[in-house]
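Below you will find the structure I want to go over with you.
Chains: A, B, C and D, in written order; residue numbering restarts at 1 for each.
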Amino acid sequence: MVVEIEILKKVKVKNGIFIEGMPGVGNIGQIVAAYLIEELKPQLFARLYTSHFDHVTLIRPDGVLQPLAGYFYVHKPSNLIIYYGDQQALTPQGTYELVNKILEFISKIGVKFVITVGGVQTVYKKNVKVYGAVSSAEIKERFKNLDIDFDNAGQNVGSIIGAIGLLTTYSKKYGMEGLCLLAESSTLPYIPDQRGAKAILEILSKILNIEIDLSKIEKKVKEQEELFKKLQKVEKEEEVKEKEKRLSYLG
Amino acid sequence: MVVEIEILKKVKVKNGIFIEGMPGVGNIGQIVAAYLIEELKPQLFARLYTSHFDHVTLIRPDGVLQPLAGYFYVHKPSNLIIYYGDQQALTPQGTYELVNKILEFISKIGVKFVITVGGVQTVYKKNVKVYGAVSSAEIKERFKNLDIDFDNAGQNVGSIIGAIGLLTTYSKKYGMEGLCLLAESSTLPYIPDQRGAKAILEILSKILNIEIDLSKIEKKVKEQEELFKKLQKVEKEEEVKEKEKRLSYLG
Amino acid sequence: MVVEIEILKKVKVKNGIFIEGMPGVGNIGQIVAAYLIEELKPQLFARLYTSHFDHVTLIRPDGVLQPLAGYFYVHKPSNLIIYYGDQQALTPQGTYELVNKILEFISKIGVKFVITVGGVQTVYKKNVKVYGAVSSAEIKERFKNLDIDFDNAGQNVGSIIGAIGLLTTYSKKYGMEGLCLLAESSTLPYIPDQRGAKAILEILSKILNIEIDLSKIEKKVKEQEELFKKLQKVEKEEEVKEKEKRLSYLG
Amino acid sequence: MVVEIEILKKVKVKNGIFIEGMPGVGNIGQIVAAYLIEELKPQLFARLYTSHFDHVTLIRPDGVLQPLAGYFYVHKPSNLIIYYGDQQALTPQGTYELVNKILEFISKIGVKFVITVGGVQTVYKKNVKVYGAVSSAEIKERFKNLDIDFDNAGQNVGSIIGAIGLLTTYSKKYGMEGLCLLAESSTLPYIPDQRGAKAILEILSKILNIEIDLSKIEKKVKEQEELFKKLQKVEKEEEVKEKEKRLSYLG
């Protein structure tokens, strides 16, 4: 067992689009994939298992064991395949093997275009910029009216670590093309970045030409921003108190 | 050589149950497997070798070399297969390979149900709780009258590291079902936890419907608890002495 | 996918010479290979991909994704094959696999001689010495009139880490011979050493019997030496200031 | 390329004995193998290469490159095969693969008995004890008149790390038997232990029933012991000086 795909239902798509979400910066990939799955109600049709994941087994709330896996969903009306991965491969070599297996599998079922999504760590900015990088220069044309920055990705991002870069660049090896979307993310590591995910979902909705109800994630973004404001307020108050204490020592 | 199983005697079981014991928290798995082997006197029928173990060779008291291995025993009257492993695989990838080889092997000789046992690190509690997790929800029904907590395993344990989780969840891939039993363990790392092992043996005896004489492990539990009490007493006395010393400095 | 070579154009050379450049001490290998590619304008005819590279994808200034790769160029007039590698393999085992794949590939297209180039870390010296080591003793004869030190390589270098040593010593396994050139390099780690690269290019131009315009690298060497002098001057001035400060405290 | 054996000359032995020397505690294995090669002048007939060695290439004093390798020699009069290894495998998994390849190879050319030699780290003792461990209990009988301690190896040594343990215990898998000899070694890590090597050579000479001139190693043992005495004397004098200094401060 290296990488195995368990087929639950045979699926074919026409001129299909693939979108994946795996753990990463701001966890944007997983948030986006999970949101699409919740909103579009696609059908689970295959599961991926691999010895390149950690040797960890999950226990669900009902006491049922669940291996670490990747899940393939199909949304027939839009010929969309969504992959939700519990983990990235543990090693670079594992990432290459996982990526090649996924690309081989989706190309056979009719996918022609691979979209990967993730985040780029930055300081907090008022607006979230989304960088884009593509498998071939011609493809940029298709997305020119969208809010994607292709011109500064090379200089400001430079390189992409993990599966999302390999999936898009190696898509060509399997006769597909690819687009990698990277939202600026200012949350601390391990804290899910709802804002970045929303920015990407807005773009995806235009690319896929599907109406996606974004009200739920907009609510989460608001909640997260309110929480941050509260935390900042508490921090400032603490600083003031600290300062007063120090002054009282001196006084 | 990756994983090799040396067959000493061809064995078939009917509707067989598999129980394994490998090193882990409180070493509960190995204690339980070793106790069953000592009490039930099953027959050794196969040995497992793998390059995923450490490159270490044991020297027995009689000066004979012995490779790190896993040992398969059969207890014919109860269609029970017991596996005692010297080691876990050194890497996650090795664990996956080892687990798949074991599951493939036991499914071929007639095992239908896989039980793995281990520990969950907690603070010292007066009573030892045993958490359970299963390969399929229906299975819980079979064990509802036993002292196994399936309802809080998801929340309090969440995930299982190593072979015991993978063996039970991947049992389904080979047409079997599985149960993972995890006893709360409060001993320090590397110190065998007799109390946790006893709690699991009590449950196993009911599941297997075999009379297992627990008097030997009960004696060990008592000895271990007396030792802990002594150690705590010594610690407290030391604390008192320390305090008196400090006071005498000040006085 | 372990090591894959994508053929862009079928190529054969007669009594071909192979020169490679990969990252290493002073980055001399990559500088030399890139300089030859720029000056000789050879033709790209094959690309190498491997899961032994890091799981990293580059973004070009035009926003196009590019996998880490090795590039094979052919310079027909001189039967020269040049390999430019983005990376070394991440592990020793990967290096062995990469090296064997490269040697197998180039031996099949007619290469008879393998030249690898790199650096040896030393203190700054006025003149750069180039050490040489060969796959067979007889070969040294061919290079006796060149400024290569074969006599002290064993004692002063002793062993070579990474692909450049393996490529030359294992060249014999594929019916070729090899020469490894190592320039003394005094730049700090990660700082490209133009001086070392130039010393090697001078030797290569004689071995290959090709006129190579070295004026561009000579300019870079000068710039680098001027920069170093400036840095040293600044350092000295800082030292003097520091000393004066200390004296003023005492005074 | 994982493990490759290059045959220089086809060789068969009758009821052959295999002795190996690889790096390890006190470097006893390599010293013993090298001494046998120097004294018995056996013939080199095969070389082993493996990607489990480090990616390092040696430069010989004559400037010729040499890969890390293992060397097989045959001493026809005594049906002895000697293996001298530049390195151990870098990983446990590599050790298993290397060991199995060596055992498969030597069993095919007629070896029936495998002897491995190494050291056990101890404090300095006046006399060097040699521990022994065997693949099967019956074998001890053959060596009962020799100065080998089989009775305390289990308790005092317990386990053996690396190839020397695996080669002897896994010899049985290939229809051979094995003996592992471990000399007590008190030299600091990386310092070759001539005394331990001599103790093992004395035993080997009796087992092999070959006259081995030990005068050269006896000379080295003497030199090493004199060096240690000098170092100890210097150390003591330093201590005395230190003490006097401290006293003079107080005085």
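The working rule: a contact is a pair of C-beta atoms (placed from the backbone, for glycine too) under 8 Å apart; a residue touches a chain by one contact, two chains touch by 3 or more.
In this text the structure is predicted, and so the values were computed from the model without any measurement.
Chains that touch both chain B and chain D: there are none. Of all chains, B has its CA centroid at the greatest distance from the CA centroid of chain C. Between chain A and chain C, the superposing rotation on Cα atoms measures out at 90°, rounded to the nearest 5.
Taking shared numbers over all numbers used, the chain A to chain B interface scores under half, which places it in the different class.
Computed from the mean C-alpha positions, the centre of chain C lies at a distance of 38 Å from the centre of chain D.
Centroids of chain B and chain C (each the mean of its C-alpha atoms) stand 54 Å apart.
Inter-chain contacts, as defined above, occur between A-B, A-C, B-D, C-D. Contact residues on chain D toward chain B in their complex (touch as defined above): 89, 92-93, 95-97, 100, 132-137, 140, 150-151, 153-155, 157-163, 165-166, 168-170, 178, 180.
By the touch criterion given at the top, residues 1, 50-67, 90, 94 of chain A touch chain B in their complex.
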